[in-house]
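To keep things clear, I will list the structure first and then write my remarks on it.
Just so it is clear, A, B, C, D, E and F label the chains in written order, and each chain counts residues from 1 on its own.
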Amino acid sequence: MKRKSGTTKKSLVAFGELLLRLDARGHERFVQSESFVARYTGGEANVAASLSQWGIDTFAVSKVPDHEIGQACVNYLRRFNINTDWVLRGPGRLGILYVEAGASQRPSKVIYDRDHSCFRGIRRNEVDWNVILRGKDWFHFTGTAPALGSNVLAVLKDGLRAARRRGVTVSFDCNYRSALWSRDEAARVLESLMEYVDVFIGTHHDARTLFGIDAEPSESAAQLRRRFGFRCVAYTLREGANASVNRFAGLLCDARGCDVSRAYDMQMVDRIGGGDAYSGGLIYALLMRWPRRESVEFAAAAGCLKHSIAGDFNLVSLEEVQQLATTGESGEVQR
Amino acid sequence: MKRKSGTTKKSLVAFGELLLRLDARGHERFVQSESFVARYTGGEANVAASLSQWGIDTFAVSKVPDHEIGQACVNYLRRFNINTDWVLRGPGRLGILYVEAGASQRPSKVIYDRDHSCFRGIRRNEVDWNVILRGKDWFHFTGTAPALGSNVLAVLKDGLRAARRRGVTVSFDCNYRSALWSRDEAARVLESLMEYVDVFIGTHHDARTLFGIDAEPSESAAQLRRRFGFRCVAYTLREGANASVNRFAGLLCDARGCDVSRAYDMQMVDRIGGGDAYSGGLIYALLMRWPRRESVEFAAAAGCLKHSIAGDFNLVSLEEVQQLATTGESGEVQR
Amino acid sequence: MKRKSGTTKKSLVAFGELLLRLDARGHERFVQSESFVARYTGGEANVAASLSQWGIDTFAVSKVPDHEIGQACVNYLRRFNINTDWVLRGPGRLGILYVEAGASQRPSKVIYDRDHSCFRGIRRNEVDWNVILRGKDWFHFTGTAPALGSNVLAVLKDGLRAARRRGVTVSFDCNYRSALWSRDEAARVLESLMEYVDVFIGTHHDARTLFGIDAEPSESAAQLRRRFGFRCVAYTLREGANASVNRFAGLLCDARGCDVSRAYDMQMVDRIGGGDAYSGGLIYALLMRWPRRESVEFAAAAGCLKHSIAGDFNLVSLEEVQQLATTGESGEVQR
Amino acid sequence: MKRKSGTTKKSLVAFGELLLRLDARGHERFVQSESFVARYTGGEANVAASLSQWGIDTFAVSKVPDHEIGQACVNYLRRFNINTDWVLRGPGRLGILYVEAGASQRPSKVIYDRDHSCFRGIRRNEVDWNVILRGKDWFHFTGTAPALGSNVLAVLKDGLRAARRRGVTVSFDCNYRSALWSRDEAARVLESLMEYVDVFIGTHHDARTLFGIDAEPSESAAQLRRRFGFRCVAYTLREGANASVNRFAGLLCDARGCDVSRAYDMQMVDRIGGGDAYSGGLIYALLMRWPRRESVEFAAAAGCLKHSIAGDFNLVSLEEVQQLATTGESGEVQR
Amino acid sequence: MKRKSGTTKKSLVAFGELLLRLDARGHERFVQSESFVARYTGGEANVAASLSQWGIDTFAVSKVPDHEIGQACVNYLRRFNINTDWVLRGPGRLGILYVEAGASQRPSKVIYDRDHSCFRGIRRNEVDWNVILRGKDWFHFTGTAPALGSNVLAVLKDGLRAARRRGVTVSFDCNYRSALWSRDEAARVLESLMEYVDVFIGTHHDARTLFGIDAEPSESAAQLRRRFGFRCVAYTLREGANASVNRFAGLLCDARGCDVSRAYDMQMVDRIGGGDAYSGGLIYALLMRWPRRESVEFAAAAGCLKHSIAGDFNLVSLEEVQQLATTGESGEVQR
Amino acid sequence: MKRKSGTTKKSLVAFGELLLRLDARGHERFVQSESFVARYTGGEANVAASLSQWGIDTFAVSKVPDHEIGQACVNYLRRFNINTDWVLRGPGRLGILYVEAGASQRPSKVIYDRDHSCFRGIRRNEVDWNVILRGKDWFHFTGTAPALGSNVLAVLKDGLRAARRRGVTVSFDCNYRSALWSRDEAARVLESLMEYVDVFIGTHHDARTLFGIDAEPSESAAQLRRRFGFRCVAYTLREGANASVNRFAGLLCDARGCDVSRAYDMQMVDRIGGGDAYSGGLIYALLMRWPRRESVEFAAAAGCLKHSIAGDFNLVSLEEVQQLATTGESGEVQR
């Protein structure tokens, strides 16, 4: 990209696992598949990918196998301009998620094969957070990383403490996966991490499941924010007619109140990754210090657009998100 | 599949022609096609495929060419666990149907090239129904087989008589195709077979065309059931907004009354084969001796889900059909 | 095609540029594309393709590079029965348009790479309009050709004058592209050509942008017709819910009044080329001397069906368009 | 193509069946195939395709089904500039050949499914040979057509008689297929047609099988020529190391002697259709009245190049064949 | 397959792990891959697949995950007629091997990701060898299974003991993989199993590495046979010019001497799986009680043909192998 | 990649045009192509790609269109770890080369469509060579850039002067393309640039065509080196049996003598880009200060391996090249 001097680029560090995503083609079922589309993903890298499209300097901190599949994963991040200097290499495997796209009344399906991954073997002395976080603006993690065992949790805690020390803003996407750990263990571990979090992203279902807050979304977000002293709480609001058509919106609450975004009725290309795209949009808006309403509209538009794109990276331009966020309309063919 | 001891598995025998289905890719028109997707099908085998997914022992009785395309057809059935010990081999060709998927206002199109098939040359002494039907629970055929000439009709009648003798339940999917024979001939031949049929599956259009019963669906089904003394009559109810969106439901009538299932608004992946999937669902429910309402809901859910799957085999699990049949909702991404 | 003696086939000559259209696959974004689908197009050739499917003799007048990509373009026209005897060859390049299909809230995108094309170098002495137009019924051009420089404009004017001399009906599809030239220049040049035009095709947006007529569609068409003395004016009427769903209709005004067609709600396969398909339908109806209402219904049905077909050629049969134009319904699977 | 005035283009009429060729992908075996590549073919059309690439006016005389697969076949010929005005339409099917590409020690495989084709129903009164052959230079047929039943044979004989009357040169490619008819019947029927033939193309195996001439190639060709009074006899000489590597050459004998072409060692892309390409090259050379040696070198080079191209049409330019025929070398990358 | 009464079919039981094989497309490198071809494999299942093509009843004993990828694996075996009644289901993952096809001077590459598989968790009480081996003729295993941990080893030993008790012939393909275990451990464990083995298959490199026998192939095989009292020892002999061209032969020694097969120079489609195909051919020949020379020629021809087929299953017919084994030539196109 | 401290990474700057390479699939001819594989290339970027795989810091200096196709090009470089900070954006088009892979006797074909590119509009004030070359080790350009007009030439000369000032080594790959400019103009312009060049790469054909040196390779290289005072001259030596099989070697001469590498007989996957890969290998060896013989062997091995990889980037590891360079053998499957 053409060097622009004199401006200070914002920056984000994303810590989490990287995975190979293998998609059955089109609407094929797994038992029909003769081949898989291969893309790489990770809840945190997905957020970085969003931001790197919009001019933010992004840095992935992770660990992948020291073989060619690991290299292909690194190259995938590089391709979309995520800095991979801190993607470590080591023995072990790259976790996989198999994805089958649903259609109409048939829901999408994800099979995880991510145990025993190389990333789970990451060690505290491999990650120099003081170097990594120096001069950075934002640190992002999700509820998946703490579920991946004590090694990862220890490295994460180091990172959170370093971020706190350096005044780096911390966002957390709850993203609770019952396949990874029990509700109780998740609640216990995540609760211990909330003190480091400035921006909480999730759903009111997460708030009920993990923190026992049973309220409609706005009230839930407000309670949650107060309980942990978050700077703000952002929820996605989703109503699924079926696997082909969905309704999607966002909610953002801070100390002064809440805003709900426009709701989008979407014909879906890819059901997966909308939450990460929403997080990406939100973080961008907050980095830009936009007002609450503009922020949640931008985040929701980003999340909405992701559903029209295959793969987990939200490959949309700033202008495209802004066009939708501002007007709620997609406009005509662009020539 | 893991051996389960102590349970008696139900079983179904399906007699009918097997064909090669060649699909233009995506929404391509035939005149655009540079390649065809190749799958195998047959109205009766499609029903068997449904049931074999759900743990029923299924047996195809048919005849295919003794060359590699015939072998590929047999392998396709085996892949989805249909027993092919009674798929005979012989000289001749495998019938073909070319399929072009419609979209929006453009309807789907099927070109049949099924004349002179190997199956039409099947001979009575090749099929030992006494061996085949021994210990079996169900026999299924459709209105296509009797249209394929005297050889096939003779073998079919042998099968129906053997089924009667052995107390095997017989289901019939009317599936009238004007391309195969005239209305008058179809009416004459099919009428002569109805005495062997326990479960009639079709539409009220079939009842009007073939049996002169001109009434709204429930009344039509009731009249039809009484005329032939069927144990029950099941109709599919379909309203086609266009080639991309359809509405689908089922109706089931027995001696004690009728039930109409929930209606599904579907975004279509494949318009073909929904009727066979409905038959499969219905037969499963009747084999399980489920109540009428549960049965028609299960059948309709099975038929609905098929429209989200490419190819004629309804590759859905029992749990997936039950989830939809019970709730009418497809639920969220399954992880 | 089987020789039909004793009937006089109608004929159309289409003058304009031919281009290579490179489509990203499925719903891929350009930055995801590892391959492009290659088809050939041209606003005028697209109209010819429609008419050649319906039995009209069509002739493309154009110029392409004398290398294999140029030859592939010529072959593409031949494949769909457009006469290419007057597609000249010469040095230079074939223009390209890159197309990315939108989905849901994400609009489709077209990147033009058509400057410096071989066609722009066409010279007046290469095109013998007296030979080409001899015995022909119709001449079609669009607002793109005059934007391509003085060479093309000079050849076009020769053609228009020859058409006038020989009593060949002339249709013009406005198709204003701000990427090709400014509004002012377009207005000036196009205005000078309107005296040759019998049938004007466009939108009321075109009428406002280029000719300053700011009125609702019917009034706009009537004014436009009167201003230039057109035999008739046809507009497309389009409302875009989003990139996946659109509403489409037509309006046709002649000296005796206006008719608006049925409006179609479409699930889109390809957003591009609907206008050309509408032009094709309209010209066919006018060549057949059908009444105004039948004409606009046929044109709108043709335009509607195109949205269900990938690529710019409207590969539908006369019967398919008539079925939709007459009933407004797509009907069931055709077997 | 740019009009060239003042030159008289040569012309060829090819009479024979058209078929759909379905290829397993790459080196897949039939039982692995999930899709087939679809191309159209016919021993005679293949020859026409060669010649149309080199500027000869070519005309296919045939009959295909009046549905979209038949239309796609016609379009395929048009695409490569074969005139299809005399490709009739009617009821019935389009014959199919399934092709599996061999590799190394595994031979290629062809499964024919061509019985009961629409073409076999062609009737004498449908084909007006006097119109078709008026002003034409060459008539080509192969040994396949006479094997397709009395209808086809009657039409063929009409054509041969008309060619004789009009002084049109007749070439015949023997192409004996034991799958179509017995050796005895083939010998009897073909022998009766040889009086109309000027140019015989085949192999010395054909000469032995059908005409009992058991000699090495040159001697065999000489004997055959004398027996039937052919103007010339051309053989292909093939040695197959295996399915990936072959050796190919040509032999041409006329009244004054024989020439054997250079032999080519080929890495094969497609094993099928080399003979038709050889015929095409030979006929071109004879139409151009080139000397015997130049003719057989051109024919052999054409046949050789075909093995590097998938599908049965030899899509090479005159310059490409001449370059190889002259030098025996393929030269470097052409930029 | 058509029932054949009165003949006793031979049968084979294959115990070993099943894996998902993901191939980069064509000659793509891993870092270029945007998709993977998905097939299923396993050194022992590959042998079963060979034999099932040739009419042997084959039974896979294994364990796969109880999710859809596991099911797809089972279906793959069923498709090629391997009985899967003893493929257990359970928690865990399906091992993967990533394959990149080499070309010319670039070797093929395999990345294993098979740790922590479901199969490694198989338990002795899940496998009832007495039921499985009842009435069976042959038991096959490879050197991979014993490397997969104590669970697998224990089940294997049970099977070997049961085979011994029941007089089932046991074959062993050495197939030493240094990635799975050390040379020392392999030598120790495998040596302990050799007492159960009747037929040893491997290479003289294996004999040197594991058993310290350093001699040219024939001598090595003879020594090895004597050391363990094998009924016979079969080696593959391979010389690799490069990744595109290889030379392949077989050696078979029994108590009365040795035979070396014809050597094949092969253009390679798939480098992987030739050894399993050789084992399959050998076992078939021994089951048929063919003489030593015929046996090794059949085995070598089977191994050779596999290199022309993508994927690990040797999908060739008995006739195809016999044609090559007998003549050493692949013959012409088969029509 | 994990930061390694304490080592000084070498660095290379490559200045030249970037292009979109569109490949017909497999062995398809252009007139058969329904889609093109899209990759990005550039003679200089290809060299950078080689080096970035082996741990050199590489920087592309170029200019691409400010639309998504330009962005996709930038992403392609990033993916393979080429720094794109100095890839400028601007109006205009991205040049294209269409590539058709030859086979056997049919040569590969390249059609250039690279006129009027965005890169040709690059301006001197856009490129700050002092910043770019600061601390860099190597500057690479080819004979293509000076052919692209005065803008590019001026920027190039600035770069060469800056390199000279800063002591950056300069390599030049002659790569004469007659399609771009005449021999005379090329000779005149290139001669004027030779004073800046340290390492000359080309062929003895180039030396004859451009500099009138007509001698066998070693003598030619020696003369050329002396004439311009190059540090060394490297030639590729290629003998093309045909499009499927080629022989390839390298020659390197410096002041003390010449070495010729081992010659490789290659089965070709991609004929294009071997020269760039050879340049990459050579530059790496020279950067590492390896002896002359080791250098030319490494360069030739790199060039050889490229022919087994589709696309212009030589995606091989250092170990892979070294293995081949050292042994001349590709070795067995790597597991």
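Keep this in mind: contacts are C-beta pairs under 8 Å (C-beta built on N, C-alpha and C of every residue); 3 or more make two chains touch, one makes a residue touch a chain.
Keep in mind that this is a model prediction, so the values were computed, not measured.
**Q** If you check the contacts of chain A and chain B, which chains show up for both?
**A** Common contact partners of chain A and chain B, which must touch each of the two, are C, E.
**Q** Fitting on CA atoms only, what is the rotation between the copies chain B and chain C? Please report it in degrees, nearest 5.
**A** 120
**Q** Which chain has its C-alpha centroid farthest away from the centroid of chain F?
**A** The chain farthest from chain F, judged by C-alpha centres, is B.
**Q** Can you check whether chain A and chain C touch via the same residue numbers (shared by over half) or via different ones?
**A** Different: when the shared numbers are divided by all numbers used, the fraction is under half.
**Q** Select, from C-F and B-E, the pair of chains that is joined by more C-beta pairs in contact.
**A** Ranking C-F and B-E by C-beta contacts puts C-F first.
**Q** Of the other chains, whose C-alpha centre is the longest way from the centre of chain A?
**A** Max centre-to-centre separation from chain A belongs to D.
**Q** Taking each chain's centre as the mean of its CA atoms, how far is chain A from chain E in angstrom?
**A** 44
**Q** Would you give the residues of chain E that are in contact with at least 2 other chains, written as numbers and ranges?
**A** If we look for residues of chain E contacting two or more partner chains, we find 26, 29, 31, 34, 75, 80, 109.
**Q** Return all touching chain pairs.
**A** Chain pairs that touch: A-B, A-C, A-E, A-F, B-C, B-D, B-E, C-D, C-F, D-E, D-F, E-F.
**Q** Can you list the chain E residues touching chain F in their complex?
**A** Where chain E meets chain F, its residues are 26-29, 31-32, 102-110, 112, 177, 179, 240, 242-245, 271-272.
**Q** Spell out the residues on chain A that touch chain F in their complex, using ranges where they run on.
**A** That would be residues 1-3, 74-76, 78-81, 84-89 of chain A.
**Q** Can you check the complex and tell me which residues of chain E touch chain D?
**A** Going through chain E, the ones touching chain D are 26, 80, 264, 266-269, 301, 304-305, 307-311, 315-316, 320, 324, 329-335.
**Q** Using the touch definition up top, name the residues of chain A that touch chain E in the complex.
**A** It comes out as residues 22, 29-31, 33-39, 67-69, 71-72, 75, 93-94, 96, 98, 100, 109, 111, 113, 115-116.
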